[in-house]
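In what comes next, chain A is part of two complexes: it sits with chain B in the first one and with chain C in the second one.
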Partner chain A sequence: MLIPPLIAKLPEVKSAVVADLGGAVVEVLRERDGEGAAAVIGFLWSTAAEAGDHLGLGALRLVSYAGPARGAVVASAGSRLVAAFVEPTSSLSSVEKLLAGALERKEA
Partner chain B sequence: MADPRAHKMPDQANLVGTRLGNYRLEKVIGRGRMGVVYLAQDEALLRPTAIKLLAWSAAEAGGHDPVQWFLTEARLIARLNHPDVVQIYGAARQGDHCYIAMEYVAGLSAEATVAREGPFPPERATHVLLKAASALYAAHLSGIVHRDVKPGNLLLGSAGVVKLSDFGMALGTAGRWTPSAHVRVGTPYYTAPEVWRGEAASPASDIYSLGATYFHLLTGRPPYEGEDLLSIERAHLRAPVPDPRKVVPGLPASCALLVERALSKSPKDRHTSAEVLSREGRKILEDLASPPKGTSSVAVRAPLPPAAPIPRVALEQSTPGFSPAPPPLAKTLGFARRPFLALDPAEPFRLEPLASVQRRLLEGLADPAAALVAVTGGPGSGAGPLCRATARLLASRRVLAAARDDRPGETILAQLCRAAGVADPGGEEARASALIERISADRRAEAEPTLVLLDGVAVPGSVSGLARLVAAALFTRSFQIVLAGEPRLVPALVRAGLDLPAGRVAEVSVPRFGPEETSRYVRGWLEATLAPGAPPLLVSPDASLLLAHRSSGAVERVNCIAENMLMLAAAEKSRVLTSWNAWAASDTERWTETRALAEMPRRPEPWPSPEILAVLGACRRAAEMPPWPRET
Partner chain C sequence: MEPILQGLLDLPGVSAAIVFDAAGAVVASCGRALYDRPLCEQVSGSLTKAVDAVRLQQEDWESITALFADGKFLLQNLATSTTRGHVLAVVADSTLNASFATVAIRVATNKLKRSIAGGTSEPGTGSSATGRPSGSGATPTAGFSPHPPASGSQPLPSDSKVLANTGVSWSKSSSSVGLSRVAVANPASAAFLGRCAKELARHVGPIAKVYVEESVRRVSPDAPFSLSAANPLVNDLAAQIEDPADRADFCKALEKP
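Entry: the complex of A and B
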């Protein structure tokens, strides 16, 4: 399982998806259209990585998006992308930290 | 029964005129490890046939029964039914003679051709590589390792035909007599390091030999030359992989990279299969076909004054130019032009792989020696529309066109007579004569040969008249013929009796789209037709996989399904095309013409159902993707 259990259990994480870098769905948690979400995440990541390159950020590790009610955290885990969809958006920063930490521990 | 091993093999090299079954031996055309090869005439089917006669003694057979060994080779090849493998017609024993009847390929081996003409240009070398890789992949899937891939075992026929031959050394993999480990097989210049070390040959060693063969085709010599066997062996085992660009400067780096990978000392560092090698080869061809930035590879000629009497065919009427986008696609998704439909008659194709096919067709027609160019592809491949679109680019040419499907009750030559304004004399040969007379008369007023375009030639239905037309094109050079038809059209014409000399005939095949080509093609269309500033439309990898699967890789089906997918997306107001869109849109009709958005199917919940999941799973496995996820 690529979605960290700690994240999966958080009540603020309404759903989660793991995609490969090409946008193919690899793992789904409570997400109705995991395939569509994965395609968007793959596109987002490639676009954000390109922008990050232009800005001199180096290898991209994490991106957050927030709307009025719902936010998303996307983090890189090797050749996979882990996305957690969060409600309310006020919980976004804590989910960011937990997700980044969980993936770092996994890498270690 | 006498022990066949005790047979003394008769002299097999002096049997011209002898009849074996239906075959009359005409001349010796080769000598293999185990037999002499004759050109023979099949007197029942009236076709040339290659007859391989066993000329191998029990003493040479290492204790095995040479007849059984020979017949095992026949059975082995017969297991492979592949267009790029020499086909076997039968095997028999007559008296002291044991023979295999095989497809005759009129032409030379790649080795002899290189010796005669010098190194191949990279396009030609890569074309031969792809054909051989395709044949090898089929053999490997059947559990057969060839063990002796080399330029001498690749036969080059007319119109780009390449056949892999001589599976005699593959017998160890056929399960009868595995050679002892220290017995090396194959030809030294092309033998893989592990085989030199005495390890068993494997598909990876065939890939090595194919890489060495490619090096030879590109440079005119094998990768490792030596004064004796020992020095060649050492080079294969230890010398760095040579760079073909040091022999032929100016070769593309991609050719050198393919050679480097295929000739890796360790089998695990080579291409993992002949199919993977093919993919790399196809990319080389695509790169070679792409014009340098800022230039156009297609020279569109200035039009001549329209003075000649043959009426120009109104090709524009049969295929519309770019159309405005249908309202659902324009309003909801932001398309400026209709995607997946039209070909702009004023411009060449821009999307691969069709752009490469069109370039090759134009190059073929630019060669004044070319009498016939065949554009072939499976059903729905778009070969016919592509030829018509290409003819529109040749504004300076007179074009006579006919398509089998235009008037089903009428032969294609009868239609051609109508297009040329020639009274139909009745009978295919008479029609051909009348057409030739007309075209030859008009040729005097034209700067360039007329283009005769025949879409949907049926073999043998159209052959009698077609043979006359082709012969006239060959001898008079008044016109060139473009045939659009099914794969293997040219070999079928040859079998039907047409004389198609190498160098005067070219064949261009329209490839079937795999998932990668489908994805690139769809994205290309979307980018070309969405209005500037419109948000992107995303296509999920599973949608591309299913689209390729449901269309069978035929471009006309891809176009139809992809447009229907957009109609579904418009109905759902979604900018992501998923496997659901691809599955539901696989109708044979274009919905833009037949359905309103309100009538579009709705995505079922849950998606996908178990049956569709099985299809998706198979597509993912073939694409080496992880399985479709289950809800966690």
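Entry: the complex of A and C
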């Protein structure tokens, strides 16, 4: 299982998707349109990284977005992207930290 | 608009603040020496695509944050009830005090929304940080989508068929993000959409399926998609392909029966 169990168990994480860097779906948890979500996060990651390249910001570590009710966190784990869709938005920063920490431990 | 952006630039750690429109054209910008107009335009082009990707997942997005090894950028949606598409981008290094910056950015966002709603936001009407008019030399950057995205899923007519399994694994179930259902008039129309997605995928990758769904909602918003709307659909989809030769190949491939 590529989605960290710690993240999968969080009640605030309504769904999660693992994609490759090209946006192809690898693993899906409670997400009804895993393919669409994977494609979007793959594209989001590549465009954010492109903007970071222009700005000389170095390697992209994490992308998150939020609306009034829900949001999402995307982090990389090697050649994979892990996205967690979070509700409510107020939990986003704690999920960000947990996801980043879980992926760092996995890579170590 | 510039004084508001200048206020953000005064925050410790902030390197640049840019406002761009839905097409990626820089409306106003303020930045340290390195962040000249061409760089801001290059960056806004990439950020527009990122924003459009997020919009596909979450139409009501308010903020986007990207953390890098050596800094971050923060995007704020400047849409109001009367205007849409403008985005504030704040570029910062790792010394940014996130808590303080969040408050300052929120205040700036509200001021910018009022400014845009007041009609001072059109490209070319403001002055940039480099002292040139905002519109001078500002070629609108090709965005991820030439059209505003559909505002949510269209309700499906009860007598319509739902596209499924057309060769690119269309999902049979409804989606929480509104991406997996489009109504089609008949099996031939469904097959055509499958072909469109496959051909488009050769040029843009897996996001093709999402493009096709969004495009169907644009060209056939009030009725199930039928082959009578095939030409507008192909033209709409072709706009997603940047390379002219690839675009021509895509159109040619779909001319064949």
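Methods note: the second predicted complex is superposed on the first by the 108 of 108 C-alpha atoms of A that agree within 3 Å, B and C clash if a C-alpha of one lies under 4 Å from a C-alpha of the other, contacts with A are read in each partner's own complex, and residues count from 1 in each chain.
In the analysis below, contacts are C-beta pairs under 8 Å (C-beta built on N, C-alpha and C of every residue); 3 or more make two chains touch, one makes a residue touch a chain.
From a predicted model like this one, the values you see are computed outputs, not experimental measurements.
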Touch check for A:40: first (chain B), second (chain C), both, or neither? both
In the superposed model, does chain B or chain C contact more residues of chain A? C
Is A:3 touching the first partner chain B, the second partner chain C, both, or neither of them? first
For A:29 in the superposed arrangement: first (chain B), second (chain C), both or neither? first
Quick one: classify A:55 as touching chain B (first), chain C (second), both or neither. second
Touched partner set for A:11, first chain B, second chain C, both or neither: neither
Which of chain B and chain C A:64 touches, first, second, both or neither: second
Chain B/chain C common contact set on chain A: 22-25, 32-33, 35-36, 38-40, 43
Within the complex, chain A is touched by chain B residues 536, 538-542, 574, 576, 578-579, 605, 607, 625-626, 628-632
Would you pull the chain A residues touching chain C in the complex into a rising list? 15, 22-25, 31-33, 35-44, 47-48, 50-52, 54-72
In the complex with chain B, residue positions of chain A that touch it: 1, 3, 8, 18, 20, 22-30, 32-36, 38-40, 43
The chain C residues in contact with chain A across the complex are 15-16, 39, 42-43, 46-47, 49-50, 53-54, 56-58, 60-73, 91, 144, 169, 171, 173-177, 179-180, 205-210, 213
